[in-house]
Amino acid sequence: MEHSYRLVIACPDQVGIVAKVSAFVAEHGGSLLEANYHTDNVTKQFFMRNEISADSLSVSLEAFKDAFQPIADAHNMTWYMRDSKQPRRVALLASHASHCLADLLHRWRSGDLLCDVTCVISNHENLRSMVEWHDIPFHYVPMPKDAEAKAKGFAEIDALIQRYESDTIVLARYMQIIPPAMCERYPHQLINIHHSFLPSFIGADPYQKAFERGVKLIGATCHYVTDDLDEGPILEQDVARVGHKHDRDDMVRLGKDVEARVLAQGLRYHLEDRVIVDGNKTVIFD
Amino acid sequence: MEHSYRLVIACPDQVGIVAKVSAFVAEHGGSLLEANYHTDNVTKQFFMRNEISADSLSVSLEAFKDAFQPIADAHNMTWYMRDSKQPRRVALLASHASHCLADLLHRWRSGDLLCDVTCVISNHENLRSMVEWHDIPFHYVPMPKDAEAKAKGFAEIDALIQRYESDTIVLARYMQIIPPAMCERYPHQLINIHHSFLPSFIGADPYQKAFERGVKLIGATCHYVTDDLDEGPILEQDVARVGHKHDRDDMVRLGKDVEARVLAQGLRYHLEDRVIVDGNKTVIFD
Amino acid sequence: MEHSYRLVIACPDQVGIVAKVSAFVAEHGGSLLEANYHTDNVTKQFFMRNEISADSLSVSLEAFKDAFQPIADAHNMTWYMRDSKQPRRVALLASHASHCLADLLHRWRSGDLLCDVTCVISNHENLRSMVEWHDIPFHYVPMPKDAEAKAKGFAEIDALIQRYESDTIVLARYMQIIPPAMCERYPHQLINIHHSFLPSFIGADPYQKAFERGVKLIGATCHYVTDDLDEGPILEQDVARVGHKHDRDDMVRLGKDVEARVLAQGLRYHLEDRVIVDGNKTVIFD
Amino acid sequence: MEHSYRLVIACPDQVGIVAKVSAFVAEHGGSLLEANYHTDNVTKQFFMRNEISADSLSVSLEAFKDAFQPIADAHNMTWYMRDSKQPRRVALLASHASHCLADLLHRWRSGDLLCDVTCVISNHENLRSMVEWHDIPFHYVPMPKDAEAKAKGFAEIDALIQRYESDTIVLARYMQIIPPAMCERYPHQLINIHHSFLPSFIGADPYQKAFERGVKLIGATCHYVTDDLDEGPILEQDVARVGHKHDRDDMVRLGKDVEARVLAQGLRYHLEDRVIVDGNKTVIFD
């Protein structure tokens, strides 16, 4: 992948914004590898992602950003610019199930998921050996049922996230509800995989619910976590076909493939700065 | 399609049922074109569909059925046997939207949907010309808002269904709620297409709800109608991909294809006697 | 759909093109409804599509185009600009099979396929009634086996295309090979649906070949016609699942749905000026 | 998964076979967990798979098989009966790419792929550590370019297969052509994943070919290996969507997911005795 800077912008829509931003990029020698725009016709917000060849820029990233700030101010922009060579730092949280974690670690190791995996945190010990084989720190943080102990556990998790300077936290089938304070502390940084096609089957054991309802497709949903359970902005969804031959356990097995695929795709969008949150929805420049 | 008889059975599961039924079929010369079984492990109900070459039978259909009755009684079977040459008689109900109706009529006319279309009933006049071009009777039954007039309308619809001796009623985007009494009168005979991936977005305007939730897939669900709105046994579901570029109207347009396809597939299963209702779920021998 | 002008450009890639074009658009008050870019890294060609709100422009379409020409010349652009209110004029060619034609006509009639259907030309009479019900001229042009008569037939077809001032010709399962001269006369204007997942099963009776090979998916391919049979630039492809239960006729039936869907999608891209041909490939800004 | 015996049969079709076999099963107390039939209408061959609850049988597996032999002889059956508790013994061959191997090993370790993995054989060393972490023997068998050394390598591989008593050999992106003699020695036991939607792009570097052709879907094909390269009976196929944004390397990355999924599914069918080869096609009772 070519070395690039990603300039990501959200602001109120108005005529000439694309021209202004792309003229600014061109004036600094910037060659666009990819550029995408979207206007939300309901909120009249404008969204833009420019992927600029790093080598083409005539100035440093810092100088570019400094020079851009007045334009950003003039148009009331929320924006950032990121160097593709400074990958996001991802903490992975898992419980007992291995499929999403194993899938992400393999993609990361193969160079297909560009990020630094800082650590794996789990409330079970069973995945330690796999994680440590990948030379990634594994932290066991138990999650007892009583509220006080749980709060202590989440404080420990938070401390670990901070210690490893993680900017992204992936819940790779982590079966604990994240406390509201933590959801707020990491807005659009907490990524979850829910094992149903949301908004169907919110909450616990969606495969049992899917089995009981007799649906002909099961699904999975990757979304940012908010303090409203299973209601955060959706990054990706997919489905798999089931039928009367499949009981709950078959659905669990078939669902694993969908979950792993959907989580990896959602995370990839996030890592490549392709996602902009628009209210409770996402704009995804794929 | 070869001329066949379809012997469809549901009964409590027990060892030797397949042997008993298939021996009976073989004793009467019956050559099996297709045979399918399923046992519901929760309810311990057994389901069976045998498609028997009509020409191979050494006795008449009536004689076969008479001879089979003692076996059915002995095993507490719910069963029927249908001649593929006596297609089901289907009444189509539609409102203003044409896509499902046009699709079904074209499949029927092309010989791809083996049934007799007895009539089309609608609360709008706009589809009359298309229906009459197909030489199918079109009946306009208005559905005013007040309850009494609506009840009268449904009485008229029921009379039409009876008059045309229809055994299957398809709601091809018919935008009226069927009264409970009519749901009960036609158990597993009323087929609806709901324009969402149930159980997501039950009720009115699911595309608006899908748009607001920011889902990445929209869907459609074909189900038998019960008096519990959008909760009947599901025959078929499918989805289509959407994204931030699509507003509600785009979803409506993209959804049309899914709706037409899912309804046609669900109806096909029904017409070919491939569906057995198992509680609130379906066994589909495809 | 909002009234818009579509400015579609191909030219050698260079820094600042997006800025120059979007600045030009902005200077004329143009509000971008949608904008897409692509650079082919092999050929170093740049492709661009701008959809501009018609009402936002401060000058007429003609004045805009005149003023743009110097920029186009300076950058060696191949380009055009089209008014969304001047829909393409589409001639439909069909043989005996009705599914693609019926599907396109229904979409057109429903307002989901924005074009003028100028006429239907067929080498069979069986679809006349359906076409005429839609108030579209139907022309029967027989296609005998001998070469001379065939050439005469194609001359007649060409005359009809000219007479109706059609700019797009859709082969909706038209089972005749288009003569090379006609392919050259209508570059990227002739759209075909091939009933296989190209490049598998080029040539005649692909479903028979698929059946014999035992594939688990069948497909369809929408492509521009060139004088190299089944080798033109691909607009769209899709597949459907099959198995050992399906014989050739089942595949034909299942394939109809895929063919109709793929042709409609490919044609839609073309009608909305979303396709730019890049060598033997297509850039599609969807 | 319930302990079962799988009785798998192929024979010339005739009336009463289902009855005879299912009567035999019932007479020995056999409770059918699943039963599937198929008749090939071209070859008039009949195929049958019975999954019988092991606990329900009144006799031993050996006694059952002995008693069944006369029926098999009388109907000219090719048949076998396998105990689900005696999983197949699978040797995995890999080259440098890890995605299929990692995927299969994770599924096996999670209990989702019921087999014994006997060993991994590779012409590269890079996957040794991953394999050995799974406590599976890893054998490095180099494959130099010269024919004699290659033949020696394959002799060594064959000896390893024998030594580990493997009955199934999976080519998990093993990039060497299997010699004809070895193909013949292991009929319907050698399973390959080809990285295209066969019969498209037979041979080397299919993603480059797909990129050059401009297809809109890429695919993968799992098939039994015969001495006719990429022409063996197909077990499973699937596709993924691509577009003008994707270069060859993107296709390689997107293809990995499809390859891993398709190989795992094809292998699963094989391991569960769901595949019967019918000429150059497969009957798959899923």
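Should a chain be cited, it is by its letter among A, B, C and D, assigned in written order, with residues numbered from 1 in that chain.
Definition applied: contacts are C-beta pairs under 8 Å (C-beta built on N, C-alpha and C of every residue); 3 or more make two chains touch, one makes a residue touch a chain.
What you see is a predicted model, and the numbers here were worked out from it, not measured in a lab.
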{"item": "Intersection of the contact lists for subunit A and subunit C", "value": "B, D"}
{"item": "Distance-maximising chain from subunit C - centres being C-alpha averages", "value": "D"}
{"item": "Pair of chains joined by more contacts [C-beta pairs], B-C or C-D", "value": "C-D"}
{"item": "Between subunit B and subunit C, centroid-to-centroid distance (C-alpha), Å", "value": "36"}
{"item": "Inter-centroid spacing, subunit D versus subunit C (mean Cα positions, whole Å)", "value": "41"}
{"item": "Junction residues of subunit B - those touching two or more other chains", "value": "34, 245"}
{"item": "Of subunit D, residues touching subunit A in the complex", "value": "34, 98-99, 102-103, 106, 109-110, 112, 129-130, 133, 245, 253, 256-257, 261"}
{"item": "Subunit A partner contacts - residues on subunit B that touch it in the complex", "value": "38, 40-41, 197-201, 213-217, 219, 233-239, 243-245, 247, 278, 280-284, 286"}
{"item": "List of subunit B residues in touch with subunit D within their complex", "value": "15-16, 18-20, 22-23, 25-27, 29-37, 39, 56"}
